[in-house]
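In the two complexes that follow, subunit A is the common piece, with subunit B as its partner first and subunit C second.
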Partner chain A sequence: MMRYLIATLPILLLISAQAWADIVVVVHPQSELKNLTKQQVIDIYMGRLQISADGGKIVPYDQPQDSEIRAAFYQNLTEKPVASVNAYWARLLFTGRASPPRQPSDSMSIVDIVAESLYAIGYIDEKDLDDRVSVVFKAMNNE
Partner chain B sequence: MRRLTLSLLICSFILFCTAETKAQEPKGPRFRLSGFGTLDVTSAGTKQVGYHNEFSHAGQFGGVSIFSGSVAGLQLDADLLPKLSVTVQGIVKERAKQDLFNFLDWAFLRYQLTPNTVIRAGRMGMDLYMLSEYRNVGFAYLWAHPVVEFYMPISFSHFDGFDAKYSHRIGPGFLEFKVYGGQVGSDIVVSRGDFSLRERPFFGANVSLETDHWKFRMTYATAEVHSARNQQFRQLLNALNHVPASLWPQAAEISDHISAEGKQTGYYSAGVAYEKNAWVVQSEFSWFDSKWPSVNGTNGYLSVGHRFGPVTAYSIGSYAKSLDSPLHFNPDPSTPEGVAQLQQQTQLAFNRTLVDQNTFSLGARWDLNHQTALKAQWDHTWVRKDGGGLLILKESLDQDITLDTFSVNLNFIFK
Partner chain C sequence: MNNKLHLRVFRIVTFGAIVFTGAASIIFYLYTQSVEQKSMDRVLDQLFVTVQRSAEIAAYLDSKELAEEVVDSLSGNDIVLGSMLLSKNGMIAVSNFQANDTGDFLSFGLFAPFSANEQVGEVRIQPNIDWLNSRVMNSTLERTLILIVQIAVIAVLVLVMALRVLTYPIQSIAQNLHRIAPGDSNNLNCPKGHETNEIGHLVDDINKLLEAARTTINQEQYLRNRIEILEKHFRLIFERASAGIFLLDKNFYLNSVNPAFKDIVGIALKERREGKQSIYLPDLFQDPAVIEKILHDVLETHKQAAYDLRLAASGDGEERWLHCLFSTVKNDDGENLIEGLALDVTARTVEMERILFESQHDVLTQLLNRRAGERLLNGMLTHADKNLGQVALLLIDLNNFKFINDSYGHDAGDKVLIEVAHRMKSAIRKEDTLIRLGGDEFVVGFLVRDEQSDEVDFVVRKLEKKLNMPIDLGFNRKVTISASIGLALFPRDGGNLEALMASADNAMYQIKKSRA
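Showing the complex of A and B:
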C-alpha cells in the first residue's frame, strides 16, 4: 500500500503544481505596465501600488471571490490563504486606503475588460488567453 | 473681492486636480457603498464589577449582553475627481452619548498628490496602533474583540484634522511615513460617571515597514488635555482647592496632581506582526508618558495564532499597568472630620482610575466565506488591588480579583 502511495506522490505534486502554474497576469497591449516582477504584482493586488509610472490609476480585476483560481493566485503570490487576503482587504477598504480589486460583471470576462482599458490589469487561466491582451507575469515566474 | 479670490482658488484647485487626467481610464462606479457589522453576545462582569471593552460603552454587570461588542457601520466612498475622493463612515454601537458627533466616525477628503504621497483632511480614524483605524471592523482582524488592555486606554476612535502619508518601496519592504495633526474628543463612561474629554493640539507621526510576511511599526503622538468634564471630579477638585492650607497644606498640590486640564501626554508605541501560511503572530507595546496620573502607564500584548483550514486558533497574553502609585492618606485623630472625609473621597476617586491588570485569552476564528467570520473567545483577567481603572467599579477595589469573559460574534462585510 505504502509503495503505491510513494509512487503516486510525484504525480500528485505535479497535478497540484499544474493547478496554478498556468495563471497569467494580463494587461492591454499598449499599457505602460510591462514585464512585471512578482513583487510589483503583489504590490498592485495588495493595494500598495495604485498609480502607474505615467500617472494613470491602475485598476486591478479579481476572479470570483470563492473561485479556486483566486485562492491559488493569492496563495502563490503572498503565501497566505485567501481568508487572510479577504481580511487584509477589509482593513484597506474600511480605513479608506484603497478599494479592493473589482469583480467583472457577469456579461464581461476579465479579458474583455483588460482589452478595452489601458489601466486595467487582471489574472486568468492561460487557456483563456487571446491576442487582445498581453501577458506581463506568469504565476510560476519567480522573478 | 474675497468671494472672487475664493472662486479662483477653488477653480485653480480643480484644474490642478484634473491636470493629469487620462482619457482611457476604465469606467467604473464613482460611488461605492460598503458596510460591516458584528453581532455579538458577551457574558461578562459581576454585580459589583462592570465590564466594558471600550470606555464609550456602559458597564456590563454580569449576565449576557448583545451590546458589549455589537456594531454596524456604513461607508460611502466617492471619486470626485481622478485624484480626489471623499469617504464618509457612520458607526452605530453602544455609546455613552448618542449624537451625530459620535455617530459620524469619518468624513474626509483624500487627494493623491503624487504616486507616493496622499494627503487627507477632515475626520479620520486614529492611527496609533495596528488595529486603531479598523477596531470596529471585526471581520478585518483575528480576535473576537481588540485586546482590552492595549486598545481600551485609547478612548478616541477618530480625530479632526489632516494627515499626509508618503510610501515607497525599499528593497523587499514597503515603507510608509505618516504625519498628522488636529484635535480629538470622546464621551466615555468611567466609575465616577460620564466623562467628556477634549484634547488639542494633537499631532504625531508613524513609520512602518511591511514586507510580504512581516510588518513593523512605530508611533509617536502627543496631545494636550483641553477639557475633561465630569461632575464628580469637578466637585472633588473644587473642594480640594478650597481647603484652607492650615487644615491640609497638600490639598492644592494633590488637586493639581490628579487634575487633567492643560496636561500633555506623549504616546510611544512599537509593534510587529508576522503572517505566513499557517502562522499569525502579532505583538505591540506602548508607553503613555503623562503628567496626568490616570493616563500615565504602559501596556502590551503578544498574540499567537495557527490556521487549521478555515479555522484559526489563537491565544493572547496582555497587560496594562499605571506608572503612578495609588494615594493612601492616614488621617490622625487631630485631623478635622471634614478633611478626613475629603481625603477618603480623594483616595477612592483617584485610585479607581489606576490600572493594573493582565489577561490570558483563548479563541478561534472561523472564516465561513469571503465576507463572514464566526469568532469565539474566552478571557481570564487578573485585576490587582487599586488597579481596576478599566472596569466600572461600584466600590473601590481593595483586593485582587479575577474575571472571566466569554464572547461569541458573527462578523460580516459587504462591498
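Showing the complex of A and C:
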C-alpha cells in the first residue's frame, strides 16, 4: 500500500482537490468474493470474469456514465482514460457477446442492490459505505 | 556477312542492349523482390494493427465469434494466404492456415486491453509468397518488355543516325576519292551539314593532302621535263661537239670519250683499243713521257693546262696535232679526275710551220734567207764569244752565173742555183749554217773546233771542188761554174757580224780581182 502511494505521489501533487475520498469495491457480506486483486476487479468489470467460485453469475454495477467517480475508478484501475473503456464496450456491443455493467442512478442505489443480491458487486465513495455491504477492494483516493 | 559500318554499329548496339537488358532484368528482379518483401512485411504489420484491438479483445474474452471475424478479415487480403488466432486459454480460430513446421508465418502477440503486461494470445499470419513472387515476376517482365521496346527504338534510331551521319557521308567521300586520280585538279566536296565536324575536318585534310600531292607531282614533272631538256642539250653538246671531250681517271686511263674524240684520234684509238679494256691516254701521243708530266702537274696544281701535242704516228705515217686543254674535276666520291678537250689542229700546225719556214727560207733553194741566217749567225757569235771559240764565215759568190742566166735562160739559172745549194749542203756538217744572201751570193758559217788544224781551208777546198764540177742542165747540156770564196774569222777579222761580213766581202773581192 505504501509502495503504491509513493508511486502515485507525483500525480497526487499535480491533481487538485477531489470531491471524493477513497473508492471501495463492495459485495454482499455473504458473498464468496473476498479481498479481490486489482486484476480480478478489472476482469469482472470488463466482462471476462463472469462466474464466481460457487457457480453463481457475477453481476457488476457501474456508476452513472458521466459521473466523476466512474472516471476516477477506471482511471485508477486501468490507468487509461474512461473514454477507452467506453470504446471497449462500444466495440463489444456489435458482437453481442457481452454487455457493459448496468448503471443505477447513484451510489445509494448501488449499495441497496449489492446489499440484497449475493452475486452483485459495485463500487462507491468510501463515505457512502454502510454495514450492509463488505469491502473487497479499495482504490486509493488520489488526494 | 555484311560488314558495312552502320550495320556493325547496329550489331554492337543491339548486342550491348541484349546483354544490358539481361543483366538489368536480373538485377531488377532481385531488387524488386527485396523491395516487395519489405513492403509486404510492412503491409502485414499494418494489417495486424487494423485488427489488433479486436483480436486482443477476442483473445481477452476468449470470444470465438470475434476471433473468427478477425482471422476472416485478415485472410480476405491478397497478400495473406491464411491466418489463425490463439488465446492463452486455448481458444483457436483458423482461416485457411496451412499447418506446417516451416515457420513461414508472422507472429504478433496479443495483450489484455487494460493491462498491457498480460499476454492473452497470439495472431499468426501466413504471407502469400506465390502471390508476391508472381507480382515480382510480372513487374520484372513488364519492365523488361518496356526496356526491350525502348532499346529496340534506340537501336533503330542508332542505325538510322549511323547511316545518315556516318555511312552516307563517308560513302560519298569514298566514292569521290575513288574517282580522283593522283595529280588531277579535283577536290573532295564536303557532305552537306558536316562542314564543321570530324567528317569536315577529314575532307579538309584529304584535300590538303591532295593539294600537296598535286603540287609535288607538278613540280616533279616540271623538274623532270627540265632535266630531260638539259640532258638532251648536254648529250647534244657532248656527242655533237666538234671538239673531242674526254674524262680520265686518276691513273690517266680514259673513262669516257665523245664521238668527236674518237673521230679525231681515229685509227690510233682503234688500234690501241684492241685487246685492252681501257686506254692509257699518254700512249696515244708521240711522246708519252711529256703527256704524263703535264697530267701530273694538272693533278697536283689543279691549274688548267693547254698544249699542242702530236699524236703518235698512225699507220699512214701522217703527222697529226691536237690542241689539248686539261683541267681537274671532282666526281661524286670526291675523287679528282681530269677532264680534257681536244681539237684537231693538224692543219693549222702544218700551215703555221709552212709560213714560218717560208719566212725564214729562200723559196727556190730552201736555204735560210738573209734575215733568218743573220739571226742564226749572231747566235753563233754570241756562243763563241762566251766560250772563247772561233767562228769561220765564208762568203761565196758564183763567178759566171750571169753568163749562164743570159745564155740558157732563167730556168737554167734556177736549176744551177738549186744544184749549187744542194752541193754546198752536202759539203758541210749538219750543224753548220748555210744561207743564200740573194742572187748568186751564199754564206757558210761554222764553229771552228780545232784552231791548230787546217779545218777552215779543208772546208773551203771541199766547197770549191764540189762547185767546180759540171752541172747537168738536161737535153745534153752541161755547164761548169766556179765560185769565189772570201774568208773571215771571228774574232780575228771582226768583233761583230757586220765587221766580219765586210772583211769576208773584201777577201772575196781580192780573189775575184786576182782571178780576172
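Throughout what follows, the second predicted complex is superposed on the first by the 116 of 143 C-alpha atoms of A that agree within 3 Å, B and C clash if a C-alpha of one lies under 4 Å from a C-alpha of the other, contacts with A are read in each partner's own complex, and residues count from 1 in each chain.
Here is the rule we use: a contact is a pair of C-beta atoms (placed from the backbone, for glycine too) under 8 Å apart; a residue touches a chain by one contact, two chains touch by 3 or more.
Nothing here was measured: the structure is a model prediction, and the numbers come from that model.
*Asks:* Look at where subunit B and subunit C land on subunit A after superposing the complexes, then choose clash or fit.
*Replies:* clash
*Asks:* Where does A:Ile51 make contact in the superposed view: on subunit B (first), on subunit C (second), on both, or on neither?
*Replies:* Only subunit B is touched by A:Ile51; subunit C is not.
*Asks:* Where does A:Ile42 make contact in the superposed view: on subunit B (first), on subunit C (second), on both, or on neither?
*Replies:* Once the two structures are laid over each other on A, A:Ile42 reaches both partners.
*Asks:* Identify the partner contact of A:Arg91: answer first if only subunit B is touched, second if only subunit C is, both if each is, neither if none is.
*Replies:* Both subunit B and subunit C are touched by A:Arg91.
*Asks:* Hey, is it subunit B or subunit C that touches more of subunit A?
*Replies:* If we count touched residues of subunit A for both partners, the winner is B.
*Asks:* Under the stated touch criterion, which partner chain does A:Asn76 make contact with: subunit B (first), subunit C (second), both, or neither?
*Replies:* In the superposition, A:Asn76 touches no partner, neither subunit B nor subunit C.
*Asks:* Just to be sure I read the superposition right, which of the two partners does A:Ser109 touch: subunit B = first, subunit C = second, or both, or neither?
*Replies:* neither
*Asks:* Considering only the stretches 91-99, 199-207 or 307-315 of subunit B, report the one that runs into subunit C.
*Replies:* Only one listed stretch clashes with subunit C, namely 199-207.
*Asks:* Which residues of subunit A are in contact with subunit B in one complex and with subunit C in the other?
*Replies:* After superposing on chain A, subunit A residues 39, 42, 48, 78, 80, 84, 91, 95 contact both subunit B and subunit C.
*Asks:* Per the contact definition, I'd like the list of subunit C residues that touch subunit A in the complex.
*Replies:* 53-54, 57, 60-61, 63, 65-66, 69, 113-115, 118
*Asks:* In the complex formed with subunit C, which residues of subunit A make contact?
*Replies:* Listed in rising order, the residues of subunit A that touch subunit C are 39, 42, 46-48, 77-78, 80, 84-85, 88, 91-92, 95, 97-98.
*Asks:* Show which residues of subunit B lie in contact with subunit A when the two form their complex.
*Replies:* The contact residues of subunit B facing subunit A are 20, 22, 24-26, 28, 32, 34, 36, 73, 75, 77, 82, 87, 89, 106, 108, 110, 112, 115, 120, 124-125, 133-134, 136-137, 139-142, 167, 169, 172, 174, 210, 212-213, 275-277, 280, 307, 310, 312, 367, 369-371, 373, 413, 415.
*Asks:* What residues on subunit A touch subunit B, complex-wise?
*Replies:* Touch list, subunit A to subunit B: 39, 42-43, 48, 50-51, 53-57, 59, 65-66, 78-84, 86-87, 90-91, 93-96, 99-100, 102, 113, 116-120.
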